[in-house]
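Two complexes, one shared chain (chain A), two partners (chain B, chain C).
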Partner chain A sequence: MWVYEKKLQYPVRVSKCDPRMAKYLMEQYGGADGELAAALRYLNQRYTIPDKVIGLLTDIGTEEFAHLEMIATMIYKLTKDATPEQLREVGLGDHYVAHDSALFYQNAAGVPWTAAYIQAKGDPIADLYEDIAAEEKARATYQWLIDITDDVDLQDSLKFLREREIIHSLRFREAVEILKEKRDEKIFY
Partner chain B sequence: MNDQMRYYKPFISPLDPCPPIRVKSYSTPPQLFIPFQPPNLPQFTPYEALKYGTLWPALYSPYPYGHKYVRQEEGDA
Partner chain C sequence: MNKALDNEFYQLLHELQSVDFVLVELNLYLDTHPMDANAIQQYNHYAQLRQKIAQLYESKYGPLQNFGQSYSSTPWCWNDAPWPWQV
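== the complex of A and B ==
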């Protein structure tokens, strides 16, 4: 069960009319290493991971939905007032004919999200290593998104999200260390 | 918050079609160097923590950081 707080995790302000950036941001919305993939990956894996790290997957998976909301807000702000002609000019014409200005889970190239992006192997180390890799790939995506826009307000939110990927990566690395320890065995000196 | 970028000089061919990038870079953020966070690390103020996205300066990674790459006219070979 979840408790919803009706506010964003971090403020999202978009100060430049740049519908093309909405297209790029969709990589983090419905892309392979995006926030939707992250949330669904972690919240699904937690059922078959040792008890010590279930809570971590719950917490991080939940936070990923908060990030998804932030990305959605960015995309919405950038497209809600765009005319079909403007969307067409920035390469969102095919998005418009299928979805109008609705958001949809697809990547920057328009490829719809698929569960094939994520894995649950049932092996705790394999799953956590995938999670670490996913965080690093999401961090890289945020770097390139920061590089490709000159909207400083948008960059500010993206920098926050990039830092969260770093923290999540560290937490998953710590989870691996916890699982490596022989915790249940008594150690005598 | 020490240097979190690494730099390398890729091979440059005399036949490259575009002006070469002499020096390329990649990010090496703090989580790579902290296998397990030790207790009692110094903390940001709450406002700073929100701004930076972490409670601990040791885990903060600024981006962009330094130069992403150096083109021919700027860098030495």
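== the complex of A and C ==
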């Protein structure tokens, strides 16, 4: 069961109409290391991970949906006043004819999201390493996104998301240690 | 219900987002540090503070959550804008 809360996790402000930046941000909307992939990856892994880590996967998976909503808000705000002409100029002409100004789960290059982005190996350590790698790749992507825009309002929200990836990575690393400790426990009969 | 997005709206929203950030952080930390009584105390303290701020916010700007987690005035006001991406 999930309950929706009618607010963003962190404010999203943009200082100008910038459809080109919106296109780049789609990498974190429907890309391989984006927020949709993250949320679905963690929530899906819960069913086969030891009990001690289910809470963490549930909570981080849930937070990823809040991040997905922040990215959606950025794309929405950056494109809502753009004309078809402006969209075409930045390479969103293809997007416009298929979706008008609707959001779509695709990466910055227009490749639709696929479940192949998600690994689920059933091996707890392998799955958690996958999660750590995903967080680090998302952190790197946020850095490139921050570097490629001069919109300080947008940068502020992107920096928040970058920092969250660092925390998630840290927590997943701790989860690995928890599972290793449990694995190495000596069993006495 | 006053839905005008005045300064107070943004101030209260910011307050709520701040406290909720503390709670998310403590929640994730406690998921991997379940024996930290100090952090649990902080978590419970902020959970209580959160309720107060959310109650004040909802009394002025409408329900935050669906499915019976928030009260509604008449007419049903869950559908009312603004939605989070509109503020």
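What we mean here is this: the second predicted complex is superposed on the first by the 182 of 189 C-alpha atoms of A that agree within 3 Å, B and C clash if a C-alpha of one lies under 4 Å from a C-alpha of the other, contacts with A are read in each partner's own complex, and residues count from 1 in each chain.
Here is the rule we use: a residue touches a chain if its C-beta (ideal position, glycine included) is under 8 Å from a C-beta of that chain, and two chains touch if they have at least 3 such contacts.
On a predicted model such as this, the values are computed, not experimentally measured, just so you know.
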item	value
Which superposed partner A:A38 touches (first chain B, second chain C, both, neither)	neither
Contacts of A:I146 with chain B and chain C, given as first, second, both or neither	first
Chain B versus chain C as contact partner of A:I166, first or second or both or neither	first
Chain B versus chain C as contact partner of A:V90, first or second or both or neither	neither
Superposition-derived comparison: chain B or chain C, residues of chain A touched	C
Which of chain B and chain C A:Y10 touches, first, second, both or neither	both
Which superposed partner A:E174 touches (first chain B, second chain C, both, neither)	both
Overlap of chain C and chain B interfaces on chain A (superposed complexes)	10, 167, 174
Chain C - residues contacting chain A, complex	13-14, 16-17, 20-21, 24-25, 27-29, 31-33, 62-67, 69, 83-85
Chain B - residues contacting chain A, complex	27, 29-31, 34-37, 50-54, 59-61, 63-64, 68
Chain A - residues contacting chain C, complex	3-12, 55-56, 59-60, 63, 69, 72-73, 76-77, 167-168, 171, 174-175, 178
Touching residues (chain side chain A, partner chain B) in the complex	10, 139-140, 142-143, 146-147, 159-164, 166-167, 169-170, 173-174, 177
